[in-house]
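Please go over the structures that come below.
Each of the next two complexes has chain A plus one other chain: chain B in the first, chain C in the second.
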Partner chain A sequence: MYHVILPFKLFKSNKLTIVAVLAVAVSVFTVIVVMTVMNGLTVDFIDKNHGFYSDCIVSTNSLVGFADYNDFLIMLRSQDYVQSATPVINAYGLVQSSNSGKSQALNLMGIDPANHFKTTNLAESLYYRKDNPQLALVPSYNSELPGCVIGIDLIEYRDEWGNYKQWAFLPRRSYEITCFPLSPRGTIVKTGTSIAANTKTYYQSDNSNTGLAKVDGTTVYLAFDEIQTLSGMNIEPKRTSAIFVKFKKGIGFDRGVERTTALWNFFVKNKGDSASLNLFKNVNVQDFKSYKRETIAPMEKERAMMLLLFLMVGVITIFIIFVIFYMIIGRKNKDIGILKSIGASGLGIMLVFLRYAVLIGIVGAIIGTAAALIFLDNMNDLEGWLYAKFGFQMWNREIYAIGEIPNKPGVALPVEVAVSAIIACLLGAAIPTIRAARQNCVDILRVNQI
Partner chain B sequence: MLKFFLALRYLKKRKIVFLSIAAVMLSTSLLITVASLFTAFIRAIELNASEYLGDIVLEPTIQFTHYDLLINRLNANDKIEAATPVLSASGLIYLDAGNVRAVNFWGIDLASRCRVTNFQDNLLEQKKIETPAQFKSSDEKNIPVFTGIALLLEPDPKTDKYDIAKAESYIGKKAVITTGTTANSSANSTAITTSRSSAVTISDIVFTSVYDIDKRFVFIPIDDLSVLLFGGEENRKAADVIHIKCKGGINPEDAIESVRKVWIEFVTQDLGWPASFAADAQIMTSMQKQAEYTDELRKQMAVLLVVFGIISAGIVVLIFCIFYMIVKTKIKDLAIVKSIGASSMDVISIFLLFGLFIGIIGATGGVIFGYLITHYINAIEQFISSLFGLKLWSSSVYMFTKIPSHFDWFWAILFFAAAIAASVLGAFIPSLIAAKTSPVKILRYE
Partner chain C sequence: MTENNYILNCTNICKSYKMGATRLEVLKGVDLNVAKGEFIAVKGASGSGKSTLLHILGTLDTPDKGNVFYYGKDLNSFNGSKINEFRNKKIGFVFQFYHLLDELTVLQNVLLSPMVKSGTLGWLMKSNQAKKAAVKLLDDLGMSARIEHRPFQLSGGERQRVAIARALINEPDIILADEPTGNLDSETGNDILKVFEKLNAAGQTIIMVTHDDRIAQRASKIIKLVDGRIN
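And now, the complex of A and B:
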């Protein structure tokens, strides 16, 4: 019974307990707050990419594209694991605003609205056609004109809170878009005897705010057929740059990508006599993370490095607990001797101090977690107050494409950190506890020691 | 003397002291390394801006003509070393089969550009020669251009290095560019029309070590770009930005007013514009131009240092605990010291000196360790990369091909002092406890 009562007694009576509990609480607080923000930013970024690029992408890096995509789309859509699939053309184009006269070299994305909005979350990024995304490429002021959706950062400024000023009615803006038309061999299609680029005027039909800064600041969306003509991909064999695939619920990425790869290999094998076989050579089947690895991987790497750095917090906690226990056990030498002399075993002594360590860990973790949750809950308000009062913003929203600072730690992170804190306390207490358990009551209670 | 002797003796005899020294060293080096690398990164951005844009940037709100007259006026100013015009445009470049890139064209006057910036040092081929750099084309019909290295090829994903030989093989190759200028307009605005394109020859490769510049820019003679944009209008001499280099010893900020004066004279006298037009022009140093971004980076550094500062505060607690432990175990010694006449102040001094020694040793170790990490950060990064196959730094993400690794002595001295202060602070309460020791109470059991 003593090893149940004594830990509580030690916890209540020892002043050093406060230092230990505070050390654990501060560590838990820091780790939960920083990891919540880092995780939030990373997960949000990954989710947005997932929504934008769908689950799986069959694509080629070459701007020439690959042919026979309609046949493969039919095959894909007949698969039991595929929810939807849509062709996408990626090209570079020169976009000149007729209003300002300014031109920018941008990414052009050709989409098929009927299938694209079923496959990706792009519809959610629209402003004027959110309720009717099928008409996203039809200007509301004249449905006869060819429409284009413009990335929000290309036309509107983000204010200090990350918001955009949206017009109540769709403004009539037109853009001259220029593309190099490429033949299936990759050469520029000649107009007569001279080399020329294709230009056509498009009218803004909506704007898109995906939350992905690189996309919203560099992308103009056009109808698939339109860009196919502009970029020369309509020249037989007709081509596309990519096919976005959405899997049915319950189909894992790995399994889905594996099945799509097998299907693509089967498709290519059956097209052995096709004239466009060369164009299949550079086609890859990847999940969205691999497809966008150049942007997702650095964020994940930074998160991992931050986690490694915060392991140091854990190590410091272990050392603090170690030193505190070393001190406490040193001072409780005689008590240990008395306990042993009346029959307490080494294991019993160990249990007393390990339970004491667990108690420190639990109380420290509860205080740290509670403080972190309260802080996170009020973090955005606090930032707002700091900005209003002192002009300080954690991230300038005019520069960084984030809205509110992520403040949802979920359940797993606080639990993991709290459990880690308790384990750190146990580790810190382990060596002094073993030393205490090994002590001999005769040595301790000898007269010349008293 | 006794205080000094005892403090040194504790330092030598107590093994646990090494734990506090290691803790101080670790946190000092961590803070110094983070601050140094961040500061070096910010400095690299500022330095790069002045190397790439000159000391001062004159950017009117609209394009202007007769830049040659403005350049002459600027060159005549006693604060200005040289000035160079830039005409910019967006466009597309077709490099080879299926390889089209979106680019920014910079129309430049190469001779004056080389006087204002170290542009020639960034040219793969022409940096090796003594004679001034020039645009060269084997085919007179083709316009000679310089292209950024990352436009032609990506750095190796494992080493982040460019295949220079492969890049050089592009020199002399032909490409096609367009600035979107419509060649023939159609009556039907919804039909496809054609835009003017031009054949170009890659005359040299630009490698500035700044990924974004190397990836996006194509440099072209300013007169050729002018013809591409505006047709055959001769002597138009259009530009939209002027980059200026100040004479040696002149602070760019002090030269801004002189530049503004020259600009207003040029606009009102040579162009005949109203003076209000001239006032709208943005004239600032190249460093000021980067200020919005670098200020944000400084803020991120401050936030990171606060977080690491909180972690380091744990070390103060650790030192406190270790000292507390030492005081408790040395209580009898202290009682003896007091019994032979030492005052409470002497006892406090012993432990504060002890804390000071730990602080000095730990902080010195931290500065040395921080210096080594900062100085060899690229080698360390390469080692990690070769050991784990994990490339931590890549120019496409972090702008520069190498981690800027300038050791910042300001931060080093600041954190050195802070570490010593923290060590003394950690020792303060235990030293008070030690000072309160009553020799009678402690020694009576003996």
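And now, the complex of A and C:
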């Protein structure tokens, strides 16, 4: 029973306890806050990419594209694991704004609204046609005109709070888009000796705020058929750059990608000696993470690095607890001797100090977690106040596509960190505690007698 | 009297300590028989091995050579947990510097021994009974007004009374007292000795270590330790 009561007494009376509790609380606080922000940014970025690119992408990195996509789409849509699929063209073009006169080389994305909005979350990024995305490419001021959706960063600036100015009514803006068509063989189409260029004017029908800065700052969305014509992909055999596939619920990425790959291989095999066979050579079937690995991988690496750094924080916490316990047990030598003189076992002594360590861990973890949750809950307000008062912002919202700093830790992270802190306390206290249990009480009592 | 009749007896106890490069022989073959109800004073100069002998008798230390018997049972044959149990139930230590736990109240310090004896569940069942016994013991020792005080709030004599109460709470067979009055003024020391005398009169076996002749005279039997041997 003494090893139940004494830990509480030690906890209450020992001033070093405060140092140990603070060390644990600060570590827990730091890990929860930083991991919440880091995880939030990473998960948000991955989710946005997932929403934009769907689950699986059948694509080629060739600007020529691949042919017979309609046949493959029919096959795909008949599969029991496929929710929806849509063709997408990725091309480049010169875009000149009639308002500003500015010309820019931009990404052109050809979408088939009827299927695209069923396959991706692009509809959620629209402003004017959010509720009726099928009309995303139809200008509300004149439905006869060819429409285009403009990435929000191409037309509006983010303000200091990360918001965009949106007009109550869609402004009439036109864009002259020029593409250099490629033949199925990958050569630029020429008219005589001159390079052919397809130019057409499109009218803004909406803007898109996907939250992906690279997309919103470089992409103009056009109807699939329009861009197919502009880029020359309408030249027989008609081609597309990619097919986005959304799996049915419960179908994992790995399984879905595996089945799509098998289907693609079957499709290619059955094409036999088709003239467009050479266009299939560069086609890959990937999940969205692999497709966008050049942007997702660095963030995930950063997160892994962060985890590694926090493992170091854990090691430092263990070391701090070790040092503090070494000091505490050094000071409590006499008590150890007394306990042994009245028949306490080494295991009993160990239990006293290990329970004391657990108590430090629990209280430190509770304080650290509570402080972290309160801080996270008020972090954005605090940042707003700091910005209003001192002009300090964690991330300049005019530059970074971040709205609010992620501040939702969920349940698992605080629990995991708190439990880890308690384990760290136990590990830190283990060696001094074993040493305490092994101490010879005659030596201790004799020293304390001198 | 056979060795089985002695509450404690030891034969040929030798103990040495390493002091740097040399080895200091403290006890050089001590034989001692303690009968139940005796009040023995072990007397000797500083460094004569009195405390070492007391620690060996109380199983806090082990001899290099020789054996200690408790009612004829060789304590060397006891394993770790049995030794702890023996120390808890059969021996009560009283030290010169009281050795109370500063975090605990007087009552809690006294209850420490029964707590060590019981498991958590056992303690929950016996705690009321143990508390009553501790309060009575403290009352007998004139400490009833101080049970909620902490050791630092007590005088030296009061602390030693608490230490005696802690030693007695488990009703041990033997009290081992190491210079119990060494840190007290003569009047307070005399009070403590009176307590020992009273306990001995009630049948308690006491072995007390002292270097003071006058204090040793209060015991019923005096043993002199000279050069690691009983003189």
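Heads up, the rule we're going with is that the second predicted complex is superposed on the first by the 441 of 450 C-alpha atoms of A that agree within 3 Å, B and C clash if a C-alpha of one lies under 4 Å from a C-alpha of the other, contacts with A are read in each partner's own complex, and residues count from 1 in each chain.
Simple rule for what comes next: a residue touches a chain if its C-beta (ideal position, glycine included) is under 8 Å from a C-beta of that chain, and two chains touch if they have at least 3 such contacts.
Computed from a prediction, not measured in an experiment: that's the story for all the values here.
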Message = Between chain B and chain C, whom does A:262 touch in the aligned arrangement: first, second, both, or neither?
response = neither
Ask   = Thinking of the overlay built on chain A, is A:344 touched by chain B (first), by chain C (second), by both, or by neither?
value = second
Request  = For A:229, select first, second, both or neither according to whether it touches chain B, chain C, the two together, or no partner.
outcome  = first
Ask   = Given the touch rule stated above, what does A:18 touch, chain B (first), chain C (second), both, or neither?
value = neither
Key: Most chain A residues touched (candidates chain B, chain C)   = B
Inquiry  = Taking the stated contact definition, name every residue in chain A that is touched by chain B in one complex and by chain C in the other, in rising order.
reply    = none
Query = Within the complex, which stretch of chain C touches chain A?
reply = 51, 55, 58, 60-61, 80-81, 84-89, 93, 95-97, 99-104, 108, 112-113, 115-120, 122-124, 127, 166
Ask   = How about chain A: which of its residues touch chain C in the complex?
value = 1-2, 4-6, 9-10, 12-13, 334-335, 337-346, 348, 440-442, 445-446, 448-449
Note = Residue positions on chain B within touch of chain A in the complex are 16, 19, 23, 26, 30, 89-92, 94, 96-104, 176, 178-180, 182-183, 189-197, 199, 292-293, 296, 299, 303, 307, 310-311, 313-315, 317-318, 320-322, 324-325, 328-329, 390, 392, 394, 396-397, 445
Request  = Provide the residue numbers of chain A that touch chain B in the complex, in ascending order.
outcome  = 16, 19, 22-23, 26-27, 30, 34, 62-64, 91-94, 96, 103-107, 145-146, 176, 178-180, 182, 185-188, 191, 194-201, 229-230, 294, 298, 301, 305, 312-313, 316-317, 319-320, 323-324, 326-327, 330-331, 392, 394-396, 399-400, 450
